[in-house]
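So the structure is just underneath, and the comments pick up after that.
The letters A, B, C, D and E name the chains in turn, as written, and every chain counts its residues from 1.
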Amino acid sequence: MMKISLKNLPELYSFIAKKNDLYLPIFKAGQVDFAKWDKDAIVDLNKLKTTKSAKDVFFPQSQDLVRFEVDGKKISIDEPIMPTNKQVIFGVKACDNRSFELLDMAFVEDYPDTFYEMRRANTTIVTLACAKPDEACFCKAYGIDAADPKGDVSTWIVDGYLHWMPNTDKGIELTTEVKDFFELDMDNSAVENQQSEIRAIIDRLPYSNIDLSKFTPDKLLELFNSPKWKALSEACLGCGTCTFVCPTCQCYDVKDFKTKTGVQRFKCWDSCMFADFTKCAHGNTRPSQMQRYRQRFMHKLVYFPSNHDGVYSCVGCGRCVQKCPQMLNIVKVIKTLGEDK
Amino acid sequence: MKKIGVFVCWCGSNIAATVDVKAVVEACKKEPNVVFAEDYQYICSEIGQNKMADAIRDYKLDGVVICSCSPRMHEATFRKTAEKAGLNPYMIEVANIREQCSWIHKDIEEGTEKAIVLARTAIAKVLLNAPLQAGESKVTKRALVIGGGIAGIQSALDIADAGFEVDIVEKKPSIGGKMSQLDKTFPTLDCSACILTPKMVDVSAHEKINIFAYSEVEAVSGFVGNFTAKIRQKARYVDTAKCTGCRACMEKCPSKKSLNEFNAGLDTRPAIYIPFAQAVPNKATIDPNACIKLKTGKCGICSKVCTAGAIDYEQKDQIIEREYGAIVVATGYNIINLDKFNELGYSDCKDVITSLEFERLTNAAGPTKGHLICPSDGREPKKIVFVQCVGSRGLRPCDKQYCSKICCMYTAKHAMLLREKHPETEVYVFYIDVRTPGKNYDEFYRRAVEQYGVHYIKGQVGKVIEKDGHLEVQASDLLADEQLHIDADLVVLAAAIEADDTARKIGTMLTASMDTNDFFTEAHAKLKPVESPTAGIFLSGMCQGPKDIPDTVAQAGAAAVKVIGLLSKDTLKCNACVASPNENMCNGCSLCATVCPYGAITYVDKEFRIPGGVQVRRVSQVNEAICQGCGACTVACMSGAMDLKGFTNKEIMAEVESICK
Amino acid sequence: MRKEPLIPGIGVVTDIRRDTPDVKTFRVVGLDGKKPFEHIPGQCAFLSMPGIGEALFSITSSPTNTEYMEFSIKKCGCVTEWLHQIEVGQQITIRGPYGNGFPVETDFKGKDLVFIAGGIGLAPLRSIINYVRDKRENYGKVTIIYGSRSDDDLVDYEEIKNEWVNEPDFSVYLTIDRETPTWDGHVGFVPNYVKEVGLDNTATAVLCGPPIMIKFTLANLQELGFKTNQIFTTLELKMKCAIGKCGRCNVGDKYVCKDGPVFRCDQLNELPNEY
Amino acid sequence: MQVENKTFKPTIVAFCCNWCSYAGADLAGSARLSYPAEVKIIRIPCSCRLNPMFILKAFQRGADGVILCGCHPGDCHYTTGNYYARRRMTTLFSMLNYLGIEKERTRVEWVSAAEGAKFSAVMNDFVATITALGENKKLEDLRCKK
Amino acid sequence: MQEIMKQAKLKAEELLTKGVVNRVIGWTEGDFSYDCSPATFTLDNLDKFVYTEFCGANLSKYLIEESKKEGKILVFLKPCDTYSFNQLIQEHRIKRENIYVVGIECRGKVDIDKLRAFGIDGVLGCKTEGDKLICDTIYGEKTVDKVDVMLEKCLSCKGKKHVVYDELIGEEVVEEPKDRFGMVAQLEAMTEDERYKFWQNELSKCIRCNACRNVCPACSCVHCVFDNPDSNIASKANTDRFEEKLYHIIRAWHVAGRCTDCGECSRVCPQGIPLHLINRKFIKDMNEFYGEYQAGEDTETKAPLNSYTFGDREPHEFDTKEGK
């Protein structure tokens, strides 16, 4: 393991940023979100949760796909510029790091999303352990260890130092490049102490032991038809807050935009909570907010696991718990539907 | 695929000189959906229109763009042709490449480039245009004529003779207007009263004409074919049904100090009065500002002398609401206030008078029984100076910039009549130019100079001052290049004319556009001279601009013909470009109705199918006969449910996009 | 580099045929004049016009057609409206094939087949019917029951009349909803007609049509003794990606674009009723 | 920068009400009172038809200035349209300015059918103002420049 | 607060039992005190009804759908919510006859995000004691001054008067309205470029979740222009800087003169964009230009943008500094 004094981090950032697009939790107008670092950026590694998850680094809110030019009856295609830049994302928490694996399942299996795939391949993930988990965290329910965040490199901040441990080849490669900024750290006890502190806190968290056992693919119809969805969803505004702050939500829309000389086709985040999500010329398969609400949670808790070996499409980051305008969230769903035995 | 045809007009050299029409045609051909593009010298010509009709048929066009003059000029022409050729008239768009392009840009390249953008924009719009069908509205077969001067009288008579009801609203107690105050009329020198009076009698006798004298229009609502006017009939304090016009009251009235408006204030009249002998209606009116009874409650003499018992001190203003299909504006004119022309001494010297006062002074029914005297001391004037263009054609703030048009002729008339009646008087006329276009006008003027020896001096009068009971006129003779001092007995000012002071109010009421001088604007300066741009409003006489009696009568007749044409229809095609709500998006919030100036929007509860049942929602509906298509509602509507046919959000945005490309 | 699945290729419309007042059939080839890609019956492709939108259509032509692809398209939204006003020679974008298609080489092989379609529902079935005609030896008897609102609304009527009816071991039953002066055939709704034609309940049935027709036909077939695992149908939902990622077209844990559009009815019964 | 400004030709969208300002523009044309070709006119029935969305759309699509011309207050063909337009534009322009958009980019002028000269003068002045102000950067959509 | 909650619950129980109403819309308890959600109640689940310092949500908008249903519904409205209610009545969006309005006392609501920004993490529960808020957190008990963590909308409260109600619960503590326009004025005092930078910074955070729109009682269109492809401005993501501006300008424009300043947009924005500053600019301008107007104060008065006077100021005269 290696360590670096926190006050030397800016130099490390600027070194990494020379060869890579470096993404860090950056403070801007009251919020902390992952953003590309530059020398004026205000980095906030202490923020437990960025408002948005880290997914935009791989799956940006909008992604240009292809550009068309139309001339009379003819159409020509401009192939898109692929994201070839090397990227480093620094300060990812265990839950967000885990979300990348879930997104991989969605985006790389079957027809792989080449933009996502390429960004994933070009990116080195430096994670950071959560020193101070909060009441909405329930990563433990999904077997995520916030004290050992994994990724290509794991880091911990203890007593003014950032402790650094590469986990993968990509991590080692990055470590080799930046090793001059670090001092060797033979004593793991500081990190280990923090880890046990973190685990102790997490054990005490109210949602850590939430019961997911009810959510299995074979209960699909039973859960789907539960009468409780109505009351659960009735305050839902149909906004996209939960889906847009969620690290695992992956729905998107494909849209065209007429530019000055052509048509830009792009992909952008969409939300299954939006009223027009499934609306088409023939009608709407999910016309009520209850149905849309149910879809979102059924997807996370039943459909996705059914297609991916029982893995839930939720990492317990608790963003939806804290950000829903009307305080509806997945935990309330899990608890309410999980009650039925 | 929608097929669009494009025509590019040369308009002779009007467009072709600064726009490369061939280049525009070529550029249009490249636009999507354009299957046909051609240029022609005059598309508005019959040949041009035939070409257009042929192209519509041959190419099965779904839309046509004409790059030509302003749509305000020929849009209607093109639409008619399209309709004849089987294309919905609203599938026509005009790209204004003359007024907005060739006429204002000198550079061919610049002009062509802009013309292409304008053409492209029109193509973008026509592609989104939808065929529109105009609705129909009923026509109220009655006309309103505002103003009872010769213009109003003539219009009313012509309309009534065609069999339609007419109401004349005149603010004064009698109709007749300015013409009734005139003595003789140029160039024939007939007596004004002799030719006007029979018309006034005709009006009063006409069964189709209703006179609201001493009345004013208070408010007008509605639209062409369906106007509703509120008329305030001011209290005369005389029951017109009973008054016989015997004038006994006038004789006995103790309050005789009011200035007589009819005689231009040169003498006085009683508080109860009939303005002049031939007044129509021949009914008395009490001037509430002068009547002792009304002011103090004491007197009541007129009531006592009136054998018909017509006097009613309790009478109140009455509001009458009437419906009309068309409105003729004949509000006439006034002469300007000369207070600001101190140098000419009008306010200070009694012997400086206006031409209108001169008319009254020479009129046999006037204050002097037609005996011309100096108002100051009653002597007969020996030397008279006429000053032209007082307040006309000037650049000072108190001046009107326009020519008052009638002064040259009436001054010639005055001078001639003077010299004829009083050959011993010397008559001088100071002028800037003498303008005498018109049949027999110049001959008339030349007679004044040549036959009657009137001294015409090109030059301006700088000053008129009173000196020893005479007037010293200081002027310059521009041709002789010398300063003149003329000792005159009487100075007559040809004061500029201006729109009547009520015109602005009436214009606003009618939403009829007016120019900066408060003259009503015609729909087209040449081709629609008697129509206001506001449908159903017609212009008669001086309200539209200075003109003499023959012109006024001609215009009055023309306006009447337009009214007759309108009223002879049972229904009118409504404006097809009306608001139309999409009820699937309508919130029923009523915001559109709050801004609708016509009250065209109403609401109904309607059932809508929603998942799992039926929901009742309040939605808006537009009465297409009432909607005039302003579009105020479309912006008040948040959801965009309310759109304006012919100017839809999508169409306008397509135009914006096309321009900004 | 792998090709991004959302990026389409260019196709050229080489023929447009008006089938009914609101259905047109478009023939599409690639820029090289060849068929854009291979497919199996029941699969779909995304057609689009840049700036108008992209929409999924089932491929109407049979895979055995090696020259071109055909799409029968009913006018109902902005993309279809646009398609209905184009002219031959228009280029469009095309990507696919998507979906599972009919199990022509497995479940269907050697079976008697009953095809039941309503209205534009014939479009996906035409692909498999012509496929079966071309591989006649692999399949048993074929019964086709097809109905529409009126005779004007029968898609591919010419082909049915002139070719299908003459095919050996093919029985074709046509019906329209309401009598018209120009129609001398059967009048009545498809679900009822299904019960009248005397179907052999050991056959495999394929249904395609409006939801209401599917619902009643399904019930009637079951009444006739068809088991749900003998009945196949296709679903159509809003889609944006067709590769199981955009999140719209799932019915329960199945994506119509990827796992469908062809479903066996017993499979459908295990899914939530949200289609 | 100086050089760039000289060659900068702004795109100006002028919304003109059909009854007064469009007629005023026609009059400017028939009187040959020139104004820059950068001005392109869109005819709307009344100034009250101008939806703020059109203005924003224009800026998005690359306009550098947007001007609305309508009948003088009191002269609206529809009686009240320009009064609404006046309030709407006043508040909207104030909002745009509040968001940091240059105040000069948007303008409302009342031009009657008789004011051809005014129309031309207004357009000359507006184009000069926008040219001096430079390209619209604050409300541009980069995609529309491609 | 406990007392008011008890009274409200009793009132709901009474009206339900008497059959005056068949359901109640209020707030339901969550797992932590801050996460109460709007919910409908019958006698069956009334035990879960709460009314606490975290019941910031404005319930008026739910009535658009609820009032169309069978039977009368009881709604609890805080003073500021009643303005939204009135505005919806004015716009014929809700059926007054189907609603029983109980005005409920409010002494200001707490913003959980502010509490967190104050460094109070891991909040498990809170209670008010006088002016203090005592928070039980996973990192121990913490106390703050309530005023420091109140919702923006409460810091600039319009005064605690209910403008419409059938019945009141608790005291009607009418206060002087607080200054709402201080920050707007500060922004106005900046230069154009400074303001642009400020808004660019704020609006660039927008993720287009539509929470501000969907929570807004004024933004209740059957079909929003931003969801309507035919509007030509529909969009889903802020693909370009322009779109975030377009969205917020048009949204503010559409609610201009109708926005009661209920503050829900700022409350729900996950990115903490001070959306109220946009809406308040319109309110401030309209007040200054056309006279004081408070949307929702009554159900009759025409909004400034839907009326006019002959002598209104001209569009170039919006520089408010000159107006002062």
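Note that in this section a residue touches a chain if its C-beta (ideal position, glycine included) is under 8 Å from a C-beta of that chain, and two chains touch if they have at least 3 such contacts.
Not measured: the values here are computed from a predicted model.
Between chain B and chain C, the least number of touch steps comes to 1.
Listing every chain that touches chain A and chain B alike gives C, D, E. Put simply, the chain nearest the middle, going by average C-alpha positions, is D.
Centre to centre, using the average C-alpha position, chain D and chain E are separated by 36 Å. With centres taken as mean Cα positions, chain D sits 46 Å from chain A.
Note on chain placement: the centre of chain A and the centre of chain C lie 39 Å apart, centres being C-alpha means. A separation of 53 Å divides the Cα centre of chain C from that of chain D.
Counting only residues that touch two or more partner chains, chain B has 595, 636, 649, 653, 657, 661. Residues of chain A in contact with at least two other chains: 70, 253, 257-258, 260, 262, 270, 284. Annotation for chain E: residues 225, 231-232, 239, 305-307 touch two or more other chains. Applying the touch definition to every pair of chains gives A-B, A-C, A-D, A-E, B-C, B-D, B-E, D-E. Listing the residues of chain B that touch chain A in their complex gives 32, 610-612, 657, 661.
Across the interface of their complex, chain B is touched by residues 85-87 of chain C.
Listed in rising order, the residues of chain E touching chain B in the complex are 68, 90-93, 220-225, 228, 230-232, 254-255, 302, 305-307. Interface residues of chain D facing chain B in the complex, by the touch rule stated above, are 11, 13, 18-20, 22-23, 25-26, 28-30, 32-35, 37, 40-46, 48-54, 57-58, 61-63, 71, 74-81, 84, 88, 112-115, 120, 144.
Here chain A touches chain D in the complex through residues 67, 257, 259-262, 264, going by the rule given at the top.
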